[in-house]
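Next come two complexes built around chain A: one with chain B, the other with chain C.
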Partner chain A sequence: MEQNICLRVNNLQTSFYTDRGVIHSVRGVSFDVRKGEMLGIVGESGCGKSVTAFSILNQVKHPGKIDSGEVIFHGKDLLKLSESEMRKLRGSSMSMIFQEPLTALNPSFSIGWQIAEAYRIQGEKDKAVIRERTIDILRRVKLPEPELRMKEYPYQFSGGMRQRALIALALACKPELVFADEPTTALDVTVQAEILDLIESLQAEMNMSVVLISHNLNLIGERCGRVLVFYAGKIIEEAETAELFKHPAHPYTVGLFGSLLSIHQDGKADPKTMPGEVPNMLDDIRSCSFAPRCPYAETRCFEREPELVPVGPGHYYSCHRPLKGGAK
Partner chain B sequence: MEELLRVEHLKVQFPVSESFSGKLFSLRKKYVKAVDDVSFTIHRGEVVALVGESGCGKSTIGKFLVSLVEQTSGAVYYRGEDMRQKGKMQSLRRNVQYIFQDPFSSLNPRMTVHTILSRPMQIFHLSKTDKEREEKIQKLLREVGLTPENALRFPHEFSGGQKQRISIARALSVEPELIIADEPTAALDISIQAQILKLLIQLKETLGLTMLFISHDLGVVEYISDRILVMYLGTIVETGPTGEVIKNPLHPYTKALLSAVPHNPLQEKNVEFRLTGDIPSTVNIPGGCRLHPRCPLATEACKTCDVKLEDVAPGRQAACIMVPKIR
Partner chain C sequence: MLKYIVRRLLLIIPIVLIVSILVFLVIKMIPGDPITIMFGKNANAEQIAYVKTLYGLDKPLTEQYFTWAGNLLRGDWGSSIQSGEPVFQMIMERMPRTIALCFCGILVALVISIPTGVACARRHNSMLDLSLTIMNLTFISIPGFWLGMIFMLIFSVKLRLLPTSGYVSAQESLTGWMQCMILPTITTAATFFASLSRLMRSSMLEVLQQDYISLARIKGNTNGRVYYIHALRNSLIPLVTNIGLTMGYLMGGVVVIEKVFAYPGLGLLLINSITQRDYPLIQGILLIFAIIIVVINLLTDLAYMLIDPKIRFGYKKT
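For the complex of A and B:
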């Protein structure tokens, strides 16, 4: 069991100390990433899914601060490593594919130069080798004519091609674990499918673990084996994809499925709306964070916060009043 | 059904800023052909969806209808009257209202909700007395699910979903006939999206509105619209009743669009149909059928042929030489 685990996160807490108060973005999150799996993290904006990824890479910038928790990777706690030790890990063992390729790439350097930089940092000195490896990785992400295109700059690339270049950059040093933070949100649907196919095939080819972060439940369901549902900085449900789609237990997950508009719903679909809005993360949440919007909330839901408890094999939820069997 | 709006052979082109060498050698001026020969009609009480990927010209059509951009050529008829005649545009402006995609940037941060809602009424002289106007504002706020107390607050005090409700109230303040909703839910979270869509449908029914709904999200489009216009690179490639187009797409581009949408894994999956490569730039539109460089079904004929929107089934049109026509 233990050797199957690539990364373990224990009770991670990250807050942002702003002038308006403390924003508790991640409020105690624990999960494992298994070797070679595609793990999905789904949630609405501001639920802490991206901050979790940034915290694991120890990339939270001021005014953000990782308050507590452990991130165990190869038996070491990443949060205790020095910045120079962490730099060695980033890129070579773990990397990230960002949402917006235009802002993630440097406009003043050619694509080839930016990818070659990853190899230079790794200590590769032979220019011919660097060039060869750069062309090889660009070919793997199916960029047409990599020998010519590597000399071009980000502005000369289309959105889909920039995302391919960014994937090449993230995978340049064959990391074990890749975080893909909404990698296709900035792209059009027809291009989106192509990019996800690419990530999927590269994952199998390089035997990486991928954490795919998205707000789109169907996209996660189509691509991932296991899913974590985030709400207000916590995991509120965790399950295998098929189990989550068949038997969602937490009222929020059920609500998320209810308000999702997929195509091919025979006849007219009737989305069920969730009342209210996402809670303000400036407040200190002590009760169930979903209780104010939950149609099944009871007195105890407003009194104490539920723990993440198992319902079945690999299926966890945090709710006082779960919907067993998935009242969908 | 009564025809409300008809657009004929609309073309919108934007000149590309010339480079120094272009000026020096007086090369031919380049244009972005945002909309290239588009014709369609909207009937009263209908919800028509304009679907396509970014840069296909769908928002340009919407913006043209509220005269935020000018046409290069083409005509608009509103209730049968040609809008190119002098003085006609004023009536179009009142009758056609726009809901923008991003509620964060489409509300003036220095105006209270009250000012935002009363300004359009003042411009069109819609309320005779102050009392009448106050009553109208309260009614509007209640209609979109806000409370009258909200009138004195500023936009930044509201959440995304509430801001979009204010945008809807502003559009309704001049009692329009046609609403153009340009991706009104794209900037919102999924749980809020359904609330706004339900509100739009409810308002459409109680106020008898007609709607042009611009979106790239086919799930949303299937839910809200009666008829669908699929656009690619500035032209309409397929039209028809929403249910039929989604169940049985005819044009390869529509097929690819539907196949690319992430599905619920428990539901039956569409036949996999993928396009290759990226969307070409609208400055250099490929000759022949515009889709041919990306289309897996393309033949030699597609590279040179002249494709037109033709009837392919009752109520349905497609622009593809591979789809059999009805005579």
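For the complex of A and C:
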């Protein structure tokens, strides 16, 4: 593996085996996360963004199951590791900031206890050191009065503070890679920017890679160097952020840009909505998954699913009829 | 906190008042009276009338009630019509035995239901889950007294391992006491461990879906810690509620179980006093049952505080 690659995912497939049938949530996803980068994953709800993150962490909830693929981290395929090997690697190297901080913090234990536990698992035994580190990490996420607040319970925290505590908890594991799954969706707009600034500054400080998952293309565009666009459980376009914003190739990406609200539009052009719905993931998709909604769809789009192919350096898309030069 | 407990204890007063009136009226509605039962069928009317005046049973109901309630307030629970012993002393002699039986029953039920519930949730829809579910549903469907008799048949009559019935006090012989406690305890536990186990399973399953469980795993916790530290405390709350609510039901069950095993607790005393229409004794026992249930409900609420920080600190602040 190249020196600057932190995590490599190869052909990951995850399905949910429900009573209604098999839901193919992630249908063969491959990507790299580089060291120290902030990678954005964007897509509609249900397109497999979160499931991809959970699969990498091996935390897919029942009735989900990882069908195949490789998750290569530190030269090892995580999906082939035993439970205890995985535990050792994960505890110290990968972590996650959840979407909903209230359900991601255990209501029965104090914030301090939950953070201190991470240090205990890492093998620190000295209580004074653990306490000091807990206070330090809470101070780093800018929680006011950490000495007092660490004794409090999640329900005593406001939404923004909970998210800070959750970030502290994720960082207490000293991770090399953090998944931030819609970390600001549950928050007020005013707090959102603060939290993202915080994640960004801590990323630089601790030199970690961050995978920022969001449905908000603007937010991804502001914060991330590279973007993966997900649709129906697959990556349909991958590019450097600047390139993607200048030359989106896939009609879906273009559609996403079209549906953005922009202050610069002078209120003249209404944001365009994309017609149709996300395909039913219960079906076995053989054609291009976007074809039924695509304004440019041709016969071949309904016959064969396109492969992810390069258009330029670091720019990939999967489309039979790409839009060149950004038809935005 | 203390204020809260005192307030809850004060609640006993109106409850006892209402219960005492109800108990008093219901008992008088049952046909037959203690004196007739005492003398048998061929007693002469004069004798009966004389004894009735002796116990004040010839007076109007309201007067009888106020006499009894007034005495109660002064700490006099009256005497048994049958044996003449003071009611309060009889109750106090037997109450610890009934409480011990209930307590052991709950303890055994918890010791069985928590691990089985957790195991079912841990491997839900597995063979283990299915077989434990079948076992639980079987126990839910079997009435306690019948199960008691079956246990007696197997362990006492056939295998001769344990005494069929009776009681040896712990001061007399500790092993003897334990031996005669085993069957009643297991029978008591059997009547409700199954429903607790089901509850534990479903409550645990719900908790396991939460993000904080995923996070606990991501942090590198072992499976044991994830289930027994991160998940257990949160899934215990419905269990505690259920124990509090089924307590009244359990007391009813214990009455029957005591009868089956001739276990000399409050339940057996109650059944005997009812057949003999021993008014003061019945009233005293039912009143004690009411107080016990109020206290248990209070203990349930206090248990919440131990488990749920929200409740614990909520009271601290007010």
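Rule of thumb we're sticking to: the second predicted complex is superposed on the first by the 324 of 328 C-alpha atoms of A that agree within 3 Å, B and C clash if a C-alpha of one lies under 4 Å from a C-alpha of the other, contacts with A are read in each partner's own complex, and residues count from 1 in each chain.
Keep in mind that, in the parts below, a contact is a pair of C-beta atoms (placed from the backbone, for glycine too) under 8 Å apart; a residue touches a chain by one contact, two chains touch by 3 or more.
No experiment lies behind these values; they were computed from the predicted model shown.
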{"item": "Partner chain in contact with A:K246 - chain B first, chain C second, else both or neither", "value": "first"}
{"item": "Contacts of A:T18 with chain B and chain C, given as first, second, both or neither", "value": "neither"}
{"item": "Chain B versus chain C as contact partner of A:F98, first or second or both or neither", "value": "second"}
{"item": "Chain B versus chain C as contact partner of A:N4, first or second or both or neither", "value": "neither"}
{"item": "Which superposed partner A:N106 touches (first chain B, second chain C, both, neither)", "value": "second"}
{"item": "Most chain A residues touched (candidates chain B, chain C)", "value": "B"}
{"item": "First (chain B), second (chain C), both or neither touched by A:F54", "value": "second"}
{"item": "Contacts of A:Y153 with chain B and chain C, given as first, second, both or neither", "value": "second"}
{"item": "Overlap of chain C and chain B interfaces on chain A (superposed complexes)", "value": "none"}
{"item": "Sites on chain C touched by chain A in the complex", "value": "124, 209-212, 214-223, 230, 233-234, 307-310, 313"}
{"item": "Chain A-facing residues of chain B, complex", "value": "53-54, 159, 161, 189-195, 197-198, 216-220, 222-223, 246-247, 256-268, 270, 274-276, 278-279"}
{"item": "Complex contact set, residues of chain A against chain B", "value": "44-45, 158-161, 188-194, 197, 215-219, 221-222, 241-242, 245-246, 255-256, 258-265, 268-269, 271-274, 277-278"}
{"item": "Chain C partner contacts - residues on chain A that touch it in the complex", "value": "54, 57, 59, 61-62, 83, 87-88, 90-92, 94-96, 98-100, 103-110, 117-118, 121-122, 153, 155-156, 169, 173"}
